[in-house]
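Multiple structures are listed underneath, in structure tokens.
Two complexes come next, and they have one chain in common, chain A, joined by chain B in the first and chain C in the second.
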Partner chain A sequence: MNRYFFYNFMLVSLMNLMLFVPHILVSNRYSGAVASLLVAPVIGAILIYMFTNAMSRYPGLGFQDILKLHCPRWLVSLSSIFFAVMWWFSSTIVVVAYAVLINRFFNPDTNSTIILIVLVVAAAYAASRSTLTINFIIEITIIVNAPIILFILFKMVRSPQLNLDSIRVVANYVTKMPTIITISAATLIFTGYIYLALYNRLLPPNFRFKHLYIYPVLGFIILVITFFVPIGFHGTEGVDRYIYLWAVTSDSLSMQYGFIERVVFLFLIVFLNLTLVYTMSGWHLGMEYIKGCFKGSKPEIDSPKAPLSNYIILGTFATATVLYLIFTNEKLNYLITSYWLVLRMFTEIVSVLWIFILSRRRLRSE
Partner chain B sequence: MNERIRLLFAEAADLKTYTLRNKDMSIDIAYIAPLCDEKMVSDFITVPFTKEEVSYRKHLHTIPEYLKVEDSARWQDLLLRGNVMIRDNETGDIYSLFTGDVICNESPQTQVESAIQGPQIALSEDLNKSLNLIRTMYPVPELGIEEYSVGYISKTPLLVLFDQRHVDPSVLDNVRSKLSSISVDMVHAAGELEKLLIGKRRHLFPTVLITERPDRIARALGKGKVVVLIKGSMFALIMPASFFDFMHAIEDNYEAYWMTRVLIIIRYMSIVLTITLPALYIAIVSYNPELFRVQLAFSIAASRSAVPYPSYIEVFIMLFMIETLIEASIRLPRYIGSTATTVGGLILGQAAQQAGLVSSIMIIVTSVVAISNFVIPINSLSFSVRFLKYPLIVSSIFFGITGVAVGLFLYLCYLCNLRSFGKPYFRLHGKINPAEGDIGQVRTK
Partner chain C sequence: MKRFAAVITLFLVLLSLSGCGFKDIDKRFFVVGTGIDWSGNKSKPYRITLQLAIPSPKIEPGASKIQYETIDAPSIAEGVRMLKAYVDKELDFGHCKMMIIGEELAKRDINQSIDWMLRRRDIQSVATMAIGRPTAENVLHVQPASERYPGNALLLSFGADGTESSYNYAETLSGLSRRVTEKGMDPVLAIITNDGKESYVINQVALFDKSKIKMILSPTETQMFNQMSDHFTKASMHGMFKGTPMVIAINQLNSSFQIHKNNDPLLINMRIKMDVVFEEAPNGLFESPWGPVEDALSLEYEKATVTLLKKIQKHGIDPFGFGLRYRAMYPGPNSWDNWNQLYPNAKFSVDARVKIEGTGLIR
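This part shows the complex of A and B:
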């Protein structure tokens, strides 16, 4: 069932647009962003290989279940709560950014808090479903939306407005050393493998990861498009004027035939779906991590009825998200996100190394 | 025996009890006349008894259709199912003979799910005739058939059919336990049984396929599904069913490949249209007219210029009219039905727009919604899809296009969350490598 792994990877690598990755990279375009485009696939490939290798030794077990086998309880609970907060926050940034985006582009008259409440309630309902259901939802959303994204990308790359000269100018800064912030932004594209921390529970025992080389290549292509296409459209200098860089970039295109003229609407609807799915997926992971901390919790992948604890945990998540919107503004959100990206990268490296060492130790002891 | 049977039943004029006597023995017989075939009673009992070519006791012992009844508690039940009770007065043994004569429709044509080419015959209301059709279309020795009866009063006989080689044991167990746990007084229709089997009081989508076509049943059996036949209803239940089964007309298997694929795509497109179009109309007219290209936005605005109220009232007026029209044409007798559609069509088509009640675009929207709803091949799905547009309309009134997209996402979650007898209801089936196993298989019992 390699395709389910692929969907998760695609979901995260497309969601980078909502996590301010293009903006962070573009504002560092003269100071190391280009080189980090080359470094990120290497780091991503190593992490993907290590993580899948470690997880495939524990068929049907999630990250937390594996830790429970090897580590003391307090350490598992502590790390689980930390991971849960990280997962909650990764989705919160996206959904808050999108609520503001809807307010900017779709319904300028409505209050973004109300929009956020609607989005959050929908995502929380979806996240309270079983793990198996979550995977089906991810699958169908990616399959429905991917052709539209491919169409938009195709239109952009083929557009005569894309100025190849400015792309070349920026590409020449490849010799500048990458900084920690650009690397952490660029590696986000490759981070879809980390969903395996929970979804490994679903994979059948005889499962084998195939075609792993695809992921770094695909991620690299997405990364290059993410970074260079806006530069081609807005020029080397104009490009860092926008925070929602890709929404503005897609607005520079028009479709001459058909009902809808402005590409931005297509883009927004597609990313609304992806945002909801991403939020759902992240919150579901956070929820399962917290549920695993309690004594006597049994991991279930397809319970016919959602237990009450799901609703309580997700209600807390949703409320916290709304409070986050109320107490921060766009500028603060952007700042927090760029620090969060760095924290995320180190958390990921630590957890991948941890699980890798555990799996090797087990191999040796057997 | 006869006195006791008369005591068991109320004052029933149709209960017949006789005592017959010939040279060497005497018997008591009892039966409920309308339920039994009188000709069979005379052919099997009275004539051989009086002719005495062979001793009637020998008949009773040799012919396997005479079943010995040991338990007097079963008398009532046997009589009510069209059996004749016979008592040999010398030995005291009691026998029953089935002479039931059940009125049912004779080998009917398919009416609900018709196919242009392909079998034209539908299931019968009699279980034996239905079974005859299914056995003929699916002649394998592995066909397992189990008998059940549901309803405390109606005691409706059911047959559960499955192919022993292919059937999923977890589904079969699930169906068996659900059937034996049903506690109601009466069951007469397939839809009624479906609700009892699902066990949920409020369901949005049908999770059991109801069909009248024996060829569909044979195909389902071959795929390892469980089929339930009900006496007195010409519809069978197929379970588990997935959403995609409901979108599949049986003729897709019989006709040319490419056209049927196109038809399937058209069906999915029309299901999306029928759900979203009214909501999108509201969202675009009232919130985001800039979504469309300028010329189109202008022509929509121009056609709405005579309409004095907001778009959602317009939508509610038109949908109310179309739903009542559909409902009236189903419920009315066939002869008046056509009048209703003509009158309604006239109003919907022209007059409403000329009177300035609704815009002409809205008329197109309404008719697209209605027509694309009829494209869905299975009636129960088409019925539930009719409802889906209303929650979307409400969310689009308040949140515009965002509301429509969020609503669709919620429908998707609900669909993916549904299980039909433990099997996923809405799931894309890609290639599954049997050596590798399926996702989520690890922990299933």
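This part shows the complex of A and C:
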């Protein structure tokens, strides 16, 4: 079951491209982004260790179930609703950004609201399935798409257009102190472990996490590629010009003997898959959090039939997402996302500490 | 039943997508070449030339058919929009892989044109950029008799699939936009001319400061420039040894450079290694020792390259990326200002190593 943990981690760390992480890091490249690349794996490693350690003391229980054991009911409900909104929003940013991206790159004549409706209907339907099914879907998507992503990354890193001098110029700014914004953007890569808040329910008793050291290393590699490859392609100054940084970077490559010459289309298709799965996964978590607030709710991991409450909650999520697109624009979405990233980091630290302390306390009382 | 209803609903949602402006391939005009010129008219400074492909059922040499549209406009985007009124199909830049800027415009400012290309989502970042002489329009109107399909001939000259000319410098849109913005690396574009008949000549490059042409290299200098900037394609080279002319073919070439700050003035050291084979040589060379020949050739090459480097330096431009390397090696807040002071007085030394592999098939 360790591999399901791995898939969740990969999903989030690859999704950083859609969450404006490269954009935020690159626009702060002279003011702390490089140092935060080094700080983020450390923070990520500590959080991963603490969270897995705490959760493994409660086999078969989710984050919310554990809170229910120790905390008063009102606190659990309040925090659950807050977490649900955070989860909903993390997916909303991504799926809205992708709907706009389709409009920009595939067909400018499309109405991005209609595109978004199709995307959210698909994602919401998938999210209404059982927790076990969700994990299988994530597994399939990662297995199908990872080779293509690796291929694109390999092509980029090996490309003669990648200018090492530009990369070195920016890397020299490592002495600049990182800022909260850059750290919160960089730590997003390591956030995948937080899925365990729900998926811990699936883990059998006596489960042991193995090879935890690979997550910081893997995350660091992805982070370095995310940040430095666009700089190598567009130069130290030109890199700041682009809004869809990675889409443009993949467009700077061509596959002369491929089916499609423009790598950007391959890139967009892969990220369509990842976006849908990420949205599905995030909304499923949000949905389970809200369901847990009601009295008499029983956590189920593999219910044969989706209850009606799933559809109602997800319908609300989907509608809110469409409204979000209508009331914001690209610039506002970018701004909100950068604040959300900071809020996300602190929420994460607080919740990890909370659960860690709870698990220790139980240990002492026994 | 419920599942059935869900599927039907999903399809109904999909139906609303039908009106998303999708146009069939036969309702589109594929632009295969775009030329942007300076028209000379102040109120409508840009002359835009589009090379539109006319699809033909057969692909054979000389079968390519092209329609041209030209317009003068106050800005590029407006010009393209106005051109839509001249044609019956939707213009599509998705296959436009050749962007040519007229020489006159390149002597003024290329930034407007690059900005327009980057902003349009359907123009590929891998599109090839070049300068057209005397005008981009003139170059686009050349139709080589051997062309198999529209716009292919120019593309083949620049890509690695067709001819590999040592005079040719291929630059993509994303590469150019990098060089336009990067501190310490200036843009370079190849110049395409029309030889008056039905073919192109591409044997010169233009060196830019950040916005306009500063100098144009001669064909010999262009070849040397390509070798020095490691844009190597198989090349040949002339040399003299004890009064007899010889021609050598370069099989492999590596060039790199270092910057030594401790020297005063700044020293830029370039190292060029090449493996060569003789194409024309005096008889009896095989028996005579090769060492002196190698040294003589290296020395001659070093002299020529230092002259070229000094010439480029005198114009205050830096197409090799020396400044970028300086910024990478000697970081600090004043790095860029320091470089700007140091570069005009910098000294060059070239370290060429010619290695003879053989004399061809005869002695």
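We take it that the second predicted complex is superposed on the first by the 366 of 366 C-alpha atoms of A that agree within 3 Å, B and C clash if a C-alpha of one lies under 4 Å from a C-alpha of the other, contacts with A are read in each partner's own complex, and residues count from 1 in each chain.
In the analysis below, a residue touches a chain if its C-beta (ideal position, glycine included) is under 8 Å from a C-beta of that chain, and two chains touch if they have at least 3 such contacts.
Bear in mind that the values here come from a model prediction, so they are computed numbers and not experimental data.
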Quick one: classify A:Asp302 as touching chain B (first), chain C (second), both or neither.
first
Based on the superposed arrangement, let me know which partner A:Thr110 touches: chain B (first), chain C (second), both, or neither?
both
Figure out whether A:Leu203 sits in contact with chain B (first) or chain C (second), or with both, or with neither.
first
Tell me which partner A:Glu139 touches in the superposition: chain B (first), chain C (second), both or neither.
first
May I ask you to decide whether A:Tyr4 touches chain B, chain C, both, or neither, giving the answer as first, second, both or neither?
first
First, second, both or neither for A:Val118, with chain B first and chain C second
both
Which partner does A:Ile102 contact after superposing on A: first (chain B), second (chain C), both, neither?
first
Applying the touch criterion given at the start, work out whether A:Leu332 contacts chain B, chain C, both or neither, answering first, second, both or neither.
neither
Check whether chain B or chain C contacts more residues of chain A in the superposed model.
B
Determine, under the contact definition given at the top, whether A:Ser130 touches first (chain B), second (chain C), both, or neither.
first
Kindly list the residues of chain A that each of chain B and chain C touches, one partner per complex.
107, 110, 118, 122, 125, 261-262
Can you check the complex and tell me which residues of chain B touch chain A?
287-288, 290-294, 296, 399-403, 405-406, 409-410, 412-413, 416-417, 419, 424, 426-428, 430, 432, 435-444
The residues of chain C that touch chain A in their complex are 6, 10, 13-14, 16-17, 20-22, 118, 121, 124-126, 159-161, 172, 174-175, 177-183, 185, 321, 324-325, 327-329, 331
Note: in the complex, chain A contacts chain C through residues 104-105, 107-111, 114, 117-118, 121-122, 125, 161, 163, 165-166, 168-169, 172-173, 233-238, 241, 248, 251-254, 256, 261-262
Chain B-touching residues of chain A, taken from the complex the two chains share
1, 3-4, 59-60, 102, 106-107, 110, 115, 118-119, 122, 125-126, 129-133, 135-137, 139-141, 143, 201-208, 258-262, 265, 269, 272-273, 276-277, 280, 300-302, 304
